[in-house]
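Presented below are the structures under discussion, each in the form of structure tokens.
First chain A sits with chain B, and in the next complex the same chain sits with chain C.
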Partner chain A sequence: MSIHEIMFFLFAGMIILFSILTVTSRRILRAATYLLFVLISTSGIYFMLNYQFLAAVQLTLYAGGIVVIIIFSILLTSHINHRFEKIELKKSIFTIIAVAAGAILSISTILSYNFNTKVLVTENPDMQLIGTSLLSYGKNGYVLPFEVISILLLAAMFGSIVIAKKEKSK
Partner chain B sequence: MKFNIYDLSSFTSSINQTLMENCSPFWAVTIEMVLVGIAILSFYAIVGLYLVYAERKVCAFMQCRVGPNRVGPYGFFQTIADLIKLLMKELIPIKNADKFLFNLAPFIVIIASFMALAAIPFAKGLHAIDFNIGIFYVMAVTSIGVIGILLAGWSSNNKYSLIGAMRSGAQIVSYELSVGLSLVTIVILSGSLQLSTIVEAQRDGWFLFTGHIPALIAFLVFLVAATAETNRGPFDLAEAESELTAGFHTEYSGIKFAFFFLAEYMNMFIVASIAATMFLGGWMPLHVGGWEAFNNIMDFVPPFFWYIGKTAVVIFIMMWFKWTFPRLRIDQLLTLEWKYLLPINLVNIIIMSFVVLMGWHF
Partner chain C sequence: MLSQIPLSYFLIVSTLMFFIGVYGFLTRKNLITILMSVELILNSVNINFVAFNRYLYPEQLQGHFFALFVIAVAAAEAAVAIAIIISVYRKFMNIDVERVDTMKH
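And then the complex of A and B:
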């Protein structure tokens, strides 16, 4: 086995293990921590693919941003001794069957699809290429989605400020 | 093995060559990773210990005291004695705590700062990993550290810890913006995110001087925001000892407490070395365009000492902040970030873009 294969299996194993732990854990903050590990392992796979930009984005946005917000809201709302209810045996059996069926369906679809793989090693796209294609309006330009997303985020921010704002006492 | 203190790349590449000749690529890479890991780990421990010593000496100096002076000459081995004491202390288990998260939290904090250290250029050729996105990677990795603080505060099952963790969360999330934006100002000037390119671009003058007014503003904003992001005074609300005993690490003892302590000092070292790399030229000697003789004299000092010297200056300024300013209230803290630093930063980015477009920099 090459070093890349070992690393791939390591990251893949971590993702699978912590994903399962995320949904089965009965303590909410532990579930959030396992989710953090899943996201960090995913960024590890991006690093392995030599796509460092996406890996760093994954770390800042998901691990450093979204998980922090999730943990922060848990801190404000939940008590340490709180546990989710134990799931009944009947429910868990049906869940396992449904999950297994879904997994078999998607895995068999992926395996039967003929991917046009090339042995060519993809070059790491450098920052200048990403920056110019984000803001170019020619072919392969992403300026429209970029601006639409900006307006959407701005609207969401205004909305949250309006909701959170206290009314002045009269 | 060639060893040239002015250019360590020949030294590192000769190690690489010897390993590649003597064993398979797999083992060569593994041995290299272990070597780099050990080097960074020992550097981490030594720098951490001596930063604690430096802090106590600077604090004493500011307060007209002598500071530690019993263990060794000038108290030089004081922190080593402290470390041995911490190692032998009992680890007190907390009865109603979430044990798994309680034990995990110090490691998240320390791993985050450890990963950032890998991408920092210490000297010419002494650079563990030179990412294309260097400075962005450092920002990304250091942003994980706050999760450790939040987990520590919650899993201790203690009101003081929880309040400390929430203050620290709000503080770090807001000040990260200012740190990022002030670095973006310099990235506009340098046109690259790669740390080695950024250092190389400062051969004829540090960005603090070539970028003049906007770079100076960015440097000041970075210093304030970085001090806040590392939870240091006057922004140390998360561990305000007069109100919260010790904040998020109240319940920790022995070596687990030492991990938080060490990570705090290393975070200070990391932001100081980012400031040194982005604004003060990293390991580049001080060069003035046209002064041949002066530049040659400056080249005599090895790059590693330039790097350490610049970092030490920034660290001294941050310690100076801590021991001369009173602690801010949480609302003052957030006002400072959202009403002052962030707008200044955004305007500053526009000024910098204008300066770069018009070619008004040196």
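And then the complex of A and C:
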């Protein structure tokens, strides 16, 4: 077993284990912490695939940003020691059956499909290439989604301020 | 080397993560835990994008950039969802989806 395989199975095991803990933990703050571990191991997988910029974005934006606002809202809306009641057994079993059927179908499709994998180029795309293709409008340019995302972020910022602000008392 | 790990391993990991997220989405009743399940689902999609990019089209960067855009959309979605959750909490004093049914006909 090479070091790459060991790292991959470590990250994959962490992702699956902590994903299960995220959706089954009965304390909400612990669920958020497990989600943080899932996001960090995902960024480990990006580092393994040698997309270092994407991995850094995943760490700062997802693990740093989204988890922090989730924890903030947990502290604003729930009691720390509160435990959720157990999920009804019947509901849980039916959901597991449905989800397992979907997972088995997808995995069997993936395993039976013969991917035409090319000779691997494993070099990290340098920052200059990423920056120029984000802002170019020729072939392999992504300026349109970039601008759409910027408008979306602006709209989300205004929207969340308007929604969350206190109504004036009459 | 990376070539020792087949592409399907990455896809299996992301599939499992996706369906665990769907399980959480269907069984949880608290709005914030539902939001966390949605984040799991979005994250699993990102792994798919990046693995396909690296293994099938390594000379182009489409999967890489769309993973970036998905992360940005997820951040915007989380911000708006948490604003809505806080607003709901002010009105109903809890965020349990089964007790927030004023608009239900």
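Keep in mind that, in the parts below, the second predicted complex is superposed on the first by the 160 of 170 C-alpha atoms of A that agree within 3 Å, B and C clash if a C-alpha of one lies under 4 Å from a C-alpha of the other, contacts with A are read in each partner's own complex, and residues count from 1 in each chain.
The criterion applied here is as follows: a contact is a pair of C-beta atoms (placed from the backbone, for glycine too) under 8 Å apart; a residue touches a chain by one contact, two chains touch by 3 or more.
Just so it is clear, the structure is predicted and the values come from calculations on it, not from any experiment.
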Quick check on the superposed pair: does A:Ala103 touch chain B, chain C, both, or neither? Answer first, second, both or neither. second
Please determine whether it is chain B or chain C that touches the greater number of chain A residues. C
Thinking of the overlay built on chain A, is A:Tyr51 touched by chain B (first), by chain C (second), by both, or by neither? second
Check the residue A:Ile80 against both partner chains and state whether it touches chain B (first), chain C (second), both, or neither. first
Quick check on the superposed pair: does A:Arg27 touch chain B, chain C, both, or neither? Answer first, second, both or neither. first
Give one of first, second, both or neither to describe whether A:Leu36 is in contact with chain B, with chain C, with both, or with none. first
Answer with first, second, both or neither: which of chain B and chain C does A:Met127 touch in the superposed model? first
Would you check which partner chain A:Gly64 touches, where first means chain B only, second means chain C only, and both and neither mean what they say? first
State which residues of chain A lie in both footprints, the one left by chain B and the one left by chain C. 2, 57, 65, 72, 74, 76
Taking the complex as given, what residues does chain B use to touch chain A? 26, 29-30, 96-98, 100-101, 104, 131-133, 136-137, 139-141, 143-144, 146-147, 150-151, 153-155, 157, 162, 165-166, 169, 173, 176, 192-193
Quick check: in the complex, which residue numbers of chain A touch chain B? 2-3, 27, 29-30, 33, 36, 40, 52-53, 56-57, 59-60, 63-65, 67-68, 71-72, 74-76, 80-81, 124, 126-127
Contacts from chain C onto chain A in the complex sit at residues 1-13, 15-17, 19-24, 26-30, 32-33, 35-37, 39-40, 43, 46-47, 50-51, 53-61, 64-69, 71-80, 82-87, 89-90, 94-95
Provide the residue numbers of chain A that touch chain C in the complex, in ascending order. 2, 4-5, 8, 12, 15-16, 19-20, 22-24, 28, 31-32, 35, 38-39, 42, 45-46, 48-51, 54, 57-58, 61-62, 65-66, 69-70, 72-74, 76-78, 84, 87, 91-92, 95-96, 98-100, 102-103, 106-107, 110-111, 115-118, 120-122, 125, 129-130, 133-134, 140, 142, 145-146, 149, 152-153, 155-157, 159-161, 163-164, 166
